[in-house]
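What follows is a pair of complexes built around subunit A, which joins subunit B in one and subunit C in the other.
== the complex of A and B ==
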């Protein structure tokens, strides 16, 4: 029985065969956001450490990848490394950036860390706009497609699977699924093991955690670093899905969207992070797509509330409703196949 | 298990800016005995506990456990010497199951870090299994084994107190410090908790330091009693001696109006 509970997830293999570009692209954004949200949930949901700097580490992952993998030309510099290596290095780089912040991440608790981490965003935005050699400045720069052992994740070679031509989105779909699967699997292992218990106790009873032998500051730093690496990986996948990295995207709004994801999905739960990521990422896309048939939402260039604003109102409202009525988030609703074996949240 | 060292508290003073919470208090917990620290509210009992477990730093004086000096150690290093404590107001993680809370008591006996836990390294799985077995034994001993899978927050108060004690025992302590283990319990729960403390001593032979308000319980269980009042030690002795001590009577009952 317990083996079968994950079986519905196999349905996720189907979309590339049936859905069009728009949905596949949206799905890729969800996967990338889900990886980032799992990382943030380890830090904020399970360890009780607020971070409003998550988009900074996403940016490091994304730009780390484009810099390591990209080629130099007249405008931008790049190392031209093999793309898988570039992706790994980008994740490591995000981890190192998290580690560099760990003297602060270890000492400050909860809210205070949140405020300190907000500074990262402003530093990040400044660097992204001005370090044009690496980031391409305001207009960003294009992203080198992933090429795994000679298999390119773009439309450059013809590939037809069961009568469906596999372009960039179809191929990336499976790449993203594997990354998300590994990220979730690793997070479950951490949460259900010795470190996860310690993280929960730091959140719930910090003094008791110290007395029981948990090195509180070191643990907080380690989790902050880990969550930065998740953000880095999410950044890499985002860059690959977007095919262009633009500095503007990695601002303070994105950081708050990630917080909205974990609150809506369920604090401290891996499945919750994934559900929340889907909710927050898909909502604006759906509203844009169906704006002409929805009341109050403006079509592109029309009168009314812009779809992205409407989406923000909606998930702002969702956060309030969930905090009031569903403290365990959407994943607390017990959808059978999305409910993990063990919840670590109230 | 290695021999139980004695705990020597010498001239311990703790000041919070102007307030003197402890004023050169000294006592010794002899190996394998149950030593109670009693006193009216605000006497400094909990402060004393917090210094012994490394949560507060002493202003002056010293605490030695055998040859080790605990005075300036951080809480997790004190724990590593085999000193476990419970908290007066429950300090359990309410969302975690009883089993996970007890496993936290064994945190310092385990090694698995983030990477090995995330990758389900064979050594991590083996360690987890081994410690879960020991946790079950301890839960059996304390009488909470049937709750193992339930989130602690869902248990009645008396059971949560037992889980606290079980968690402290999970650290395989040589000195067990109990901060008001029966506070807020009803008579039946008190009786069974007292019985439990007696059986812990008999089964494990460890030293116990007890802070408690319930006089009846202290007098029945303790080998030796230290009485604090306004941060000062006013008496030490067997329960019978302390009960006769006029200073103690005055501290508890007030001065007779003549």
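== the complex of A and C ==
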């Protein structure tokens, strides 16, 4: 019976056969956001380390990938490496950036780390706008499509599966699903093993953790590095889904959206991060799409609350409601009186 | 065992159900009863167009004006019988200057529309440019950098930032007495808009023997005090401005207060009539000039009087500005192209694009200079009109010069 618990997830294989491009693209954004949110949740939810610099590492992943995989031309430089290798290198690069920050990440805790990591975004934005050889400057640069063992993840070749034409979005859907599955599985393993227990102890009782022999500083920097690698992977997937990497996107607002995701979904749980990512990513897109038919939201150009404002009010409200009534976030809905700590502490 | 059954069951379900998925039916359009070829965005009684606009972000004022003017045009077009016996409908999506939302909205709109008469934001235009070319969607951007001229299926309506600045420098030399060896300041946004304008300014300055003193700013910089003092210490004789209305107001106000009494010449996104309600109004009226390819609302062209009248009747609460004129003209470019496409019995995307290119002298009844769309990769007009704020005039703007093209603008290579 326990094996069957995961069977409904197989339904996720179906959307490319039915839903149109809008939904598939939105789904890809959700998958990318979910990977990033899982990483942030390891850091903030499970270890209690606040990071407001998450979008910086997303940018490193995205631009690392376009730099390693892209070709040089008159405006931008690129190494033209095979795309799977470029993706791996981009994740490693994001990890190295996290490691470089770890002397700070290891020492500071909570709010102080949050402020320190905020600086990363401002530095990052400045570099992204000015390092035009790599980033393409303000307008960004286009992204080389993923090509796995000769199979391209774009619409360049014709592929029809069971009567449905498979373009870029349909193919990337499965690619994203595999990445998200691996990311979730790995995080699950970390949280349910010795490192997970150590992380929770650092969050709840830092001194006790030290006394019990948990290397607090080293653990913190290790989690920070891991979390940046997750962000890097999310950045790669995001770049592939966008087909264009634009510096403007990786700003402060994005970092706060990631924090909103893990609070809304549920701090410290993998499923929570995924649910929160879906909620925060889909809400503005859905409100925009259906703005014509929703009662309180104004149709574009009309009077009233604009869809993207409405989305902000809604997840502002959602954060308040969840903090007040659902301490375990949306993922705790089924068992409202159990906090996710119950799952991870023995 | 149960698990395996479950998987097999699901697989069977997927295979059989995919057969009846609506996606498997590919719709490549066809030909209607009147023999008109149709494609995406055209049904028996409706032609659908799309607008990716900004109603909540930094260019919200511009986005609202353009969108309302376009809706006004299509409403009038439909009242006059529409195109090919069909009503024209504009689907509007607000992206709030957020690239991710814009890409999502483009993906959603693309299969439903013939073309996009409005896309605001140069990063957004850059993000969708490749798909626009692949999907063959005729697009009119509300951004005017020369780089966009080269992108297939993208049609700039009006001049470009480069040409505006070149004509602006010419105006300073001819009318404001700048001479060889003088310095001019240029305050510009980082990014495509500012850098395109700077390229134009440098070109014209070199021709006229002037030197440009650069001041690069961010769209979030609202206080121009340090820029003004830097330019003052350099002794500039004029200031070029490629930023937003807020920066223009700050620059004019601070410069006047600091005794830097020189003409300020701005690109078309750098001014909005609302500025005349701010404390900077006096300084703006004294020293500020604004370059655009659209006529000011106070122009005596009969089409302008009618447009201002219709617009203020439909949207009594809103101020009529240059964005509205641009929106109306760009919607008209689309409307006329659709009519021409209908005449040649081809309402597919390709047909509309071809119809656009048959128009070598597009007449907006004096709202803009005559536009030439017959040469892909070239700009429709090199003319600019210098205007200045005047709180007594209709729409807060009056003409400072007739439409003109400077010699430097004629020879500038747009690449």
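We take it that the second predicted complex is superposed on the first by the 324 of 346 C-alpha atoms of A that agree within 3 Å, B and C clash if a C-alpha of one lies under 4 Å from a C-alpha of the other, contacts with A are read in each partner's own complex, and residues count from 1 in each chain.
We adopt the following convention: contacts are C-beta pairs under 8 Å (C-beta built on N, C-alpha and C of every residue); 3 or more make two chains touch, one makes a residue touch a chain.
Quantities reported herein were computed from a predicted structural model and do not represent experimental measurements.
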- prompt: subunit A superposed: clash or fit between subunit B and subunit C?
  reply: fit
First (subunit B), second (subunit C), both or neither touched by A:313: neither
Message: Quick test of understanding: once the structures are aligned on A, what is the angle at the Cα centre of subunit A formed with subunit B and subunit C, as a multiple of 10 degrees?
response: 150
Query: Looking at the overlay, does A:151 come into contact with subunit B only (first), subunit C only (second), both, or neither?
result: neither
Task: Based on the superposed arrangement, let me know which partner A:246 touches: subunit B (first), subunit C (second), both, or neither?
output: second
- prompt: When the two structures are overlaid on chain A, which partner does A:208 contact: first (subunit B), second (subunit C), both, or neither?
  reply: first
Message: For A:18 in the superposed arrangement: first (subunit B), second (subunit C), both or neither?
response: second
Message: Tell me which partner touches more residues of subunit A in the superposed arrangement, subunit B or subunit C.
response: C
Query: Looking at the overlay, what does A:122 touch: subunit B (first), subunit C (second), both, or neither?
result: neither
Message: Quick check: superposed on A, how many Å separate the nearest Cα atoms of subunit B and subunit C?
response: 23
- prompt: Intersection of subunit A residues contacting subunit B with those contacting subunit C?
  reply: none
Message: Help me check something: in the complex, which residues belonging to subunit A touch subunit C?
response: 1, 3-4, 7, 10-11, 13-14, 17-18, 20-22, 25-26, 29, 129, 137-140, 142, 155, 161-165, 169, 242-244, 246, 248-249, 284-285, 288-289, 291, 299-301, 306-309
- line: The residues of subunit A that touch subunit B in their complex are 186-187, 189-190, 192-198, 200-201, 203-205, 207-215, 222-223, 226, 268, 342-346
Query: Which residues of subunit B touch subunit A in the complex?
result: 53-55, 74-76, 78-80, 85, 87, 91-97, 100, 103-105, 107-108, 110-114, 117-120, 124, 127-128, 153, 167, 171
Task: Mind listing the subunit C positions that touch subunit A in their complex?
output: 2-3, 6-7, 10, 14-15, 17-19, 21-24, 26, 51, 53, 55-56, 64, 67-68, 71, 92-96, 98-101, 103-105, 107-108, 110-111, 122-123, 126-128, 130-131, 134, 190-192, 195
